[in-house]
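Below are two complexes that have chain A in common, paired first with chain B and then with chain C.
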Partner chain A sequence: MFLAKSASTTEWRAISAAVKTLVEEATFEATSEGLTFRAMDPSHVALVDLTLPNSSFSSYSCQKPTKFSVRVEDLVKLVGRGDPKDSLEIRDTEEDSLAFTFQNGYKREFTIHLIESTAASAPLPKLELETKATLTKSILDKVLADMSVVADQVTIQATKDRLTFSGKSDIGKADVSLNKSDADVLKLESAADSKASFSIEYIQSILKALSSVADTVDLAYSSKKPLVLTFALNSQGAKLLFYLAPRVSSD
Partner chain B sequence: MGVDFGDSIPREKIQLEDISGWKLAVDGYNTLYQFLAIIRGMDGGHLKDSQGRVTSHISGLFYRNVNLLELGMKLVYVFDGKPPELKMEEIRRRSEARREAKDQYLRALQAGEVAQARKYAEASTVLRRDMVADAKELLDAMGIPWVDAPSEGEAQASVMAIEGSVGAVASQDHDSLVFGAPVLVRNVTISGKRRLPSKGIVINIVPERITLSSVLESTGLTREQLVDYAILLGTDFNPDGFEGVGPATALKYLKKYGKLEEVRELSKPLEGVDYAAIRKLYLDAPSIKRVQPVWKPLDRERVVSFLVGEHSFSRDRVEAAIARVQSTKAAQSETLEKWFG
Partner chain C sequence: MSKRIAWLSNVMTPSVTGLEEDEAKSIEVVESPPAWMCLACRGAKLLCGKPRCPVIVKAQALARQGPSMATNEILGSSPPGVFVGRLGYPKVSIGPMVPPQFGDTTVLDTPEEWLGKPIDQIVDYRYSLVRGNSRASVEDAQDPGRFLSSLQELAMAARPVDTELRLTKAPRRILTLSEDTQPYGPSGPLDRFKIDNPSVDGRVQTAYYDRDLDAAGAIGELYRKGVLVTRIQRAFSLGMFGFGARRKIVPTRWSITAVDSSISLDLVEKVKRYPTIDEYRVYSFGVYDNQYVAMLLPEPWRFEWVEAWFPNTTWNQFTTAPYMIGDHEEYFGRTTYARVGGCYYSTRLAVTEALEREGKQAAAVVLRETYPGFIMPLGVWNVRESIRALMKQPFERHETFGGAMDSALSKMRISKAKWKRESALISRELTQTKISAY
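The block that comes next holds the complex of A and B.
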């Protein structure tokens, strides 16, 4: 018996939108500790690692470890039917299905059939990253929009007290510099100067998917290593980590 | 070889650029055969490396893949598995034809008839197991996925197209439509100028796209009737078809009687053709479901070591081709595997 109840549908809407940026089928793993999901996109450039500890639900129970595979498009449509103020209860039913119950006064219940998924769970990259920063989501949105005017990749350079974003192409170039003291920079720690380039599109799509839950983003990376964005989905420990492989650097 | 609906179905001429960025399931054996048949020296002999091993197939595969990767296409090669029992007659005939061609090739060569020799050489093409292994090694190095089908490769490719893991099947014959693939593209791996040795002329081969929906619409057949249509014209599982039955007649019969076994006018009795088994093969062929192909960046060192180091390819040409692939957008990202440790 599995049951996970959330006070709001906001997290699930964000989670399903985030998963949709990567894969068409998703397998969630449930244990007594909570619910997890991890998958890479087909090109193996990006990975999402989602952790929803049991404490992040208003009520949670899972008697034995179980996996639930769903078609992500169905999940997006289904949780999209919930209003932000609805509570959402997800439980397994006998015939290989998941029941979703929205409640805000009256009840609405949906059941979707689980699918058989052959996708193997992705391992987690092993990384020690030297630059760590916390930015407001709004400044990151703005910087990426600036870069995308001229380029499809952004180069991020970090020093102890400054974070520089630059984009360059045949069209021209764009540069934005953020200082440690700026209001939008909540934290900046850089053990060593770091420089790496990443796809703007990948970052923009995950930011867009999570726009309703995250006001700030934790960012970690090192020279020529992946970028890790960490989003807190609620204040009870639910979080989503987004890993993005760097672009091949020419220098 | 394979189902040929000829001009009885609608097709649309396209440019390779029109399908740039598409994911395509490609018949592996078919492609390698083409390269082995076409890529030959003047006397009809294959290209060989310094140790005398045939390299026509990997040369063709490499340069053709480079062109398609440069267009941003994502290919997944599908190799045939165990052929269905029903195909044994066709396979016997093919190997018989190859043996005969081989004899004639040798005779022509002795007689010094170079043009004849080349023509027979193409028809005698045999694909050996080690050549397939070479091709798979090259595909791995190029980051191009491949799938071993449990049985017919065309069936596997079609299932992948139905499931949406690829946008189309790339093949030469029309079987994938009968297997239910929504979109077939032809002449993708061999487009461009091609010499027709049997006629001694050069023709320009243009890629074309055929959709199942337009085929069903224009012929007025159902998917099930399309299978019967193929059987009437002849498939790999009943290579002779029916005497005197061409596309127009076959269509007329199916419109009049609905299905194959109701057709009264067939000259040959239907008992000789296991149409129920053939139908089942086309409508429910053995295949692996939900294959998720993974495309990786081309591994430059591995490609160079395989082609230049092992098979005596020109380093300059290989490096130039790799540079063309690596300058494309899709090749510009690392993948996360590098950090899985």
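The block that comes next holds the complex of A and C.
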């Protein structure tokens, strides 16, 4: 028996949108500790690692470890039927289905059939990252939009007290520099100067999917290492980690 | 806006065009862009840089049709062919296409059979079909009247149909000087037309009478049953598929891309379920002074199409460097219209068709270089059939992307560096690492 109840549908709307940027079929794993999801996109460039500890639900129970595989499109549509103020209860039913119950005054219940999934679980990259920063999501949105005017990849350079974003192409170049003292920079720690480049499109699509939940984002990376973005989905420990492999120079 | 003038006879002599003086005067020339270059050249100096003058090629094709067109009554076997114009949408001109000849005229409107035939012959096919124009509202397809019904019946025919086409006056022969239009034959306002009992293609007929099947479903069904893509397009343009109350007439030009897009979307979904190929592959093929190269990568489905128009070709008249334009889609597909236009979808169709035939998945990068010997655009069919031919060529196998790319780009005239910059998927493949490597 599995049951997970949330006071609002906001997290699930964000989660399903984030998963949709990556895969068409998603497998969630439930244990007594909580609910997790981990997958790479088809090109193996990005990985999402989602953790929803039991404490992040208003009520949670899971007697034995279980996996649920769903078509992401179905999940997005179904969760989209909830209003932000609805509570959402998800539980398994006997006939290989998941039941979703929205409640806010009256009750609405949907069931979706689970699918067979062959997806192998993705191992988590082992990383020691030297630069860690916390930025407001609005500044990151803005910086990436600036870069995308001229380029499809962004180069991030970090020193002890400055974070520089730059992009260039045949069209021209763009540079944005953030200081540790800027209001949009909540934290900046850099054990060593770091410089790496990443696809703008990948970062933008995860930011867009999670636009309604987190106001800030933690960013960690090192030279020639992946970028890890951490989003807090609520204040009870639900979080989503987004790993993105760097781009390297072709010469 | 294009200008119509009657000056061909003043500029070129009958010995060049093959047209009698009076006949030449009756031909209207649509001039767009301005004809200063042609006036200075008169087909003699080839100022436009092409090896042959496209105006002369078209004029000679008109001459070969001879006086059989100078009548308002055309009797012949329609291949079958129909046409829907796009001007004035949602009120459009529609009508049958009939050549002044009887017999097996199938090839005249079957682009699947054209690839590799001389350009003059393809222009002849186009010019031999007389179009009778009548106005229709696109919504007429929901409840077709007698005229539309008999056009639809014609479009359903499995074989050429003997047709009597009467126009209110002899067809106007128009020679388009503009570089960006494919040749189209003479046309005139339709008075009436009559067809002999056609033997209909049962597959198309079934879809036509199924008013509860959506259009995409009908297109997919007919394609799976082996109906030629251009036949599906023809019927689709007359609003013959889809939910009864939603049927619409679709201009020929749009219908071609709609059908290419719809079929290839189905095929993409199938291809995504197949295992990926085991090697990097390079295909190449040249026709009509175009060079096509495809690279298939052992990766999940992704697709890119980039074309490069050399100076003195249709889409690049006034510069000295090749003009490159392309677009691509990721595994999950695209939601906006590809900026390159119809060729993108024809290519996606031909590539997914080849992958589906083999039961394999791959990421595909398809490149085209067009040289000045490609003297006039022939239509989207040319790209579809060229890529189909490309994907049937024996391919090179490579162990690495670098090896495949070097070989593929060495078959092109534009520098490797430039292609690497222009192709989003090539540049990404060269720079993007994988998260699974950490």
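The working rule: the second predicted complex is superposed on the first by the 249 of 251 C-alpha atoms of A that agree within 3 Å, B and C clash if a C-alpha of one lies under 4 Å from a C-alpha of the other, contacts with A are read in each partner's own complex, and residues count from 1 in each chain.
Methods note: contacts are C-beta pairs under 8 Å (C-beta built on N, C-alpha and C of every residue); 3 or more make two chains touch, one makes a residue touch a chain.
None of the values given here were measured: they were computed from a predicted structure.
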Fit or clash between chain C and chain B when superposed on chain A: clash
Touched partner set for A:170, first chain B, second chain C, both or neither: second
Which superposed partner A:181 touches (first chain B, second chain C, both, neither): neither
Chain B versus chain C as contact partner of A:245, first or second or both or neither: both
Touching partner for A:226 - first (chain B), second (chain C), both, neither: both
Chain B versus chain C as contact partner of A:45, first or second or both or neither: both
Touching both chain B and chain C, residues of chain A: 24, 40, 42-47, 123, 125-127, 152-153, 199, 225-226, 243, 245-248
Contact footprint of chain B on chain A as seen in their complex: 24-25, 40, 42-47, 116-119, 123-127, 152-153, 199, 225-226, 243, 245-248
Complex interface listing, chain A residues touching chain C: 24, 40-47, 122-123, 125-127, 152-153, 170, 197, 199, 225-226, 243-250
Interface residues, chain C side, partner chain A - complex: 299-302, 330-332, 420-421, 424, 427-428, 430-438
Interfacial residue positions of chain B with respect to chain A in the complex: 164, 289-290, 292-297, 326, 329-341
